[in-house]
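Next, two complexes with subunit A in common: one pairs it with subunit B, the other with subunit C.
Our next item is the complex of A and B:
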């Protein structure tokens, strides 16, 4: 039987923890901007830059997030850079997610037909203007649902910040369980909170996509 | 035809390979001001690649391409090595040229007007007002000013290609390169595009066109170049190449077209006799 009184009593702690999770995800979402910059460097920077970018992306994509988090949190102090759990988690999550965001942008940029780029080139339009005025308006529209999905993954990955003692949702739940010796209600509440937050991100993504579609439909 | 100054386009010993496959070899071709040069030949003969080398959309491996006397794409360093020009230099050298593509290659997020204006504002630095006026004039020229605010998806194939031609015309090019401009169109939409091209030729626009429309080629061409296996086999007038071909390979190439051009009862009689 679920104890709803217990759930009600846990809500304030969960609210605070949810805010800390949101703060972490909000800062880590700068990875989206970084991912955009990484893709721009790949597209505009020439073959050597492109190769460098792909190596950078592979390092962050093909190693476990937890290992990255440990290297940043426990490794950086060895070179004189000590970060708080929040700073370490946000930085790692931003760098990790940037690689995935960059891959999303890459896919959407590559989906713009090559003929359109050739038409711009033949018209004398510079590579940068082609990026900005031909590719970006189309690629960004395509990318919105994928970016929202990736942000949902970032939110879920943020649970690993609990391991380096940042008191976000998962760590807070663990502490409640340890203090009260109850399992079902706290973990149920934890799952529901993540679920509601991911629903909100998904809805925001759909709303943004719709907004862009409406603008595209009416603007020249 | 003005041949006193530099040709508009010069190709000297141009060669090109895709990996191990050699698609162009030893192409020597001049395009003079005011002429319409039509490239014909079987599929895979290198016509489109030759056309695309003229504006450096394909990068030639050998030889030289010159636009109004200016080398396009590569310069020769004092060491004798070919060095690629900067993007800015390439854009400057190809600026007298404009291109019309087989698949139109319009930008689908822009209206017809936006497509025609974009090169003017983004490449030529015109103010939006001037670009709009110039773009509307170009759309008017191809009979599409009433469709200016529609996106490509709302236009027929023929209309899309006419927008493509307007986009090329708007920058007031000295040479237009047309790569099979009607190949992607339904037969009933071909004529509206050919009409525009024909009227441009009558106005003296220099054009290089790849096409499989033999009747149209015969009608519009100042000269016709026949290509096969990456080589320029012969260049001559429409009479020499299409109407009265003497070269055996060209006769073979044109035979199906000649048969299709014959009255239906003649063909039926030939089939019955065979």
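Our next item is the complex of A and C:
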């Protein structure tokens, strides 16, 4: 029923497309750094800064990634900023995921007991030193599994880059389907490729979390 | 029938047809921005109604199917076969992009000779996807009720149905509500991709307007703002319902993490 020779013949173009998907996800993962910076602004800035950050995060979290992609790819050329499909997809994905990464960091920062921060303040430790040496080491450890989870969401959203014609996995499959008029094998291969990639990221995240726990001697 | 996805060169002919539907909107250059926006509003409102309708039905399908999956996975059977089958379902739908699931549901049946109409394929894809997430949310909610309470009620001779209605359900409802609201927003946002298979939702209405007047920036910003508004309405409704839930049952029930923070896949 399933034509395995056909699947074998599709593998080279799928491999290339998978590399493009990975490149997109890799560049878009810079959203992690941006999310960290956004959270740092929230923690270290004043109340006005905190409110501004929350509005920024909400706008990116409560609108569809597809709509954001359309604004950036189709809309920005009207104000003189023309981006290639890859640039537009990577930039939008980075900004979109940055909001989610920032929310993860916010949750982990909030989980650090308030008493520690008050104690640090009472001991005359500067706010920045408290952030760097007291909150950050604890919060980052907590965030590892959640960051891996979010990276899986980035990988899944990257499929939408096909709609603005970046030839990653999903668009490559669409083209194969349109050229060869075969449906079942390309789509099964496509789904399995994404599935394997998400399982791999999940496993890597769990490993990293376990590794950190062992290093800190808190593994059970 | 050969189906041609959006974004493919072959699709442009179909898009040209769409233009005729809204081609007259604010094509003239002497309209001000405010006048043009006023012209978009009725069309986008129509698209937003479709988006809202599709999302609501998909959330309903997702809840029913998610609850059914949870029931199946908890029922006894040889080799934990049912539990494993549900785990596989959940892993697949959480581990592959929604767009890929939608395209598979759209194209694979047509390869087998069954053409699903686009709205049906859209509802099925969104519903089956959400079912995987809602199944896990409900599972966590069920686990949030201490076993001792159920055992104690059984010892007092309360029938299983009453135990569920009076002891488990109130606590589960409070525990899962925030996660369900978050999932509803994910479905609402995810529904934008059904525009790819020619369902005229909010996102597709935006594309049609742009195809007619070549003003992508203002149209897509408006589309995004309407999605933002819809999401905020869901958040607000979620808050007010949660207040009522906690008010009625006055429970400080444990909260279930939202879908995005519920831990690693699968």
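As a working rule, the second predicted complex is superposed on the first by the 217 of 220 C-alpha atoms of A that agree within 3 Å, B and C clash if a C-alpha of one lies under 4 Å from a C-alpha of the other, contacts with A are read in each partner's own complex, and residues count from 1 in each chain.
Going forward, a residue touches a chain if its C-beta (ideal position, glycine included) is under 8 Å from a C-beta of that chain, and two chains touch if they have at least 3 such contacts.
Values in this document were obtained by computation on a predicted structure and should not be read as measured data.
Of the two partner chains placed around the shared chain by superposition, subunit C is the only one that A:104 touches, whereas subunit B remains out of contact.
Of the two partner chains placed by superposition, only subunit C is touched by A:160; subunit B is not.
The larger set of touched subunit A residues comes from C, when the choice is between subunit B and subunit C. Look at A:123: by the touch rule set out above, it reaches subunit B but stays clear of subunit C. By the touch criterion defined above, A:187 lies against subunit C but remains apart from subunit B after alignment on the C-alpha atoms of chain A.
In the superposition on chain A, A:133 contacts subunit B only, with no contact to subunit C.
Within the superposed three-chain model, A:113 lies in touch with subunit B and out of touch with subunit C [touch as defined at top]. Contact residues of subunit A toward subunit B in the complex are 113, 115-116, 118-127, 129, 133-134, 137-138, 141, 216, 220. Those residues of subunit B whose C-beta lies close enough to touch subunit A in the complex are 55, 57, 87, 91, 94-95, 97-99, 101, 103, 105-111, 113-114, 118-119, 122-124, 149, 167, 171.
Of all residues in subunit C, those touching subunit A in their complex are 2, 4-8, 10, 91-92, 94-101, 103-104, 107-108, 110-111, 185, 189-193, 195-196, 203, 206-207, 210, 215-218, 220-221, 223-225, 227-228, 231-232, 235, 260-261, 263-266. Per the touch definition, subunit A reaches subunit C in the complex via residues 58-59, 62-68, 70-71, 74-79, 100, 104, 107, 145-146, 148-150, 152-153, 155-160, 162-165, 170-171, 173-175, 177-178, 181, 183-184, 187, 190-191, 194-195, 198-199, 202, 205-206.
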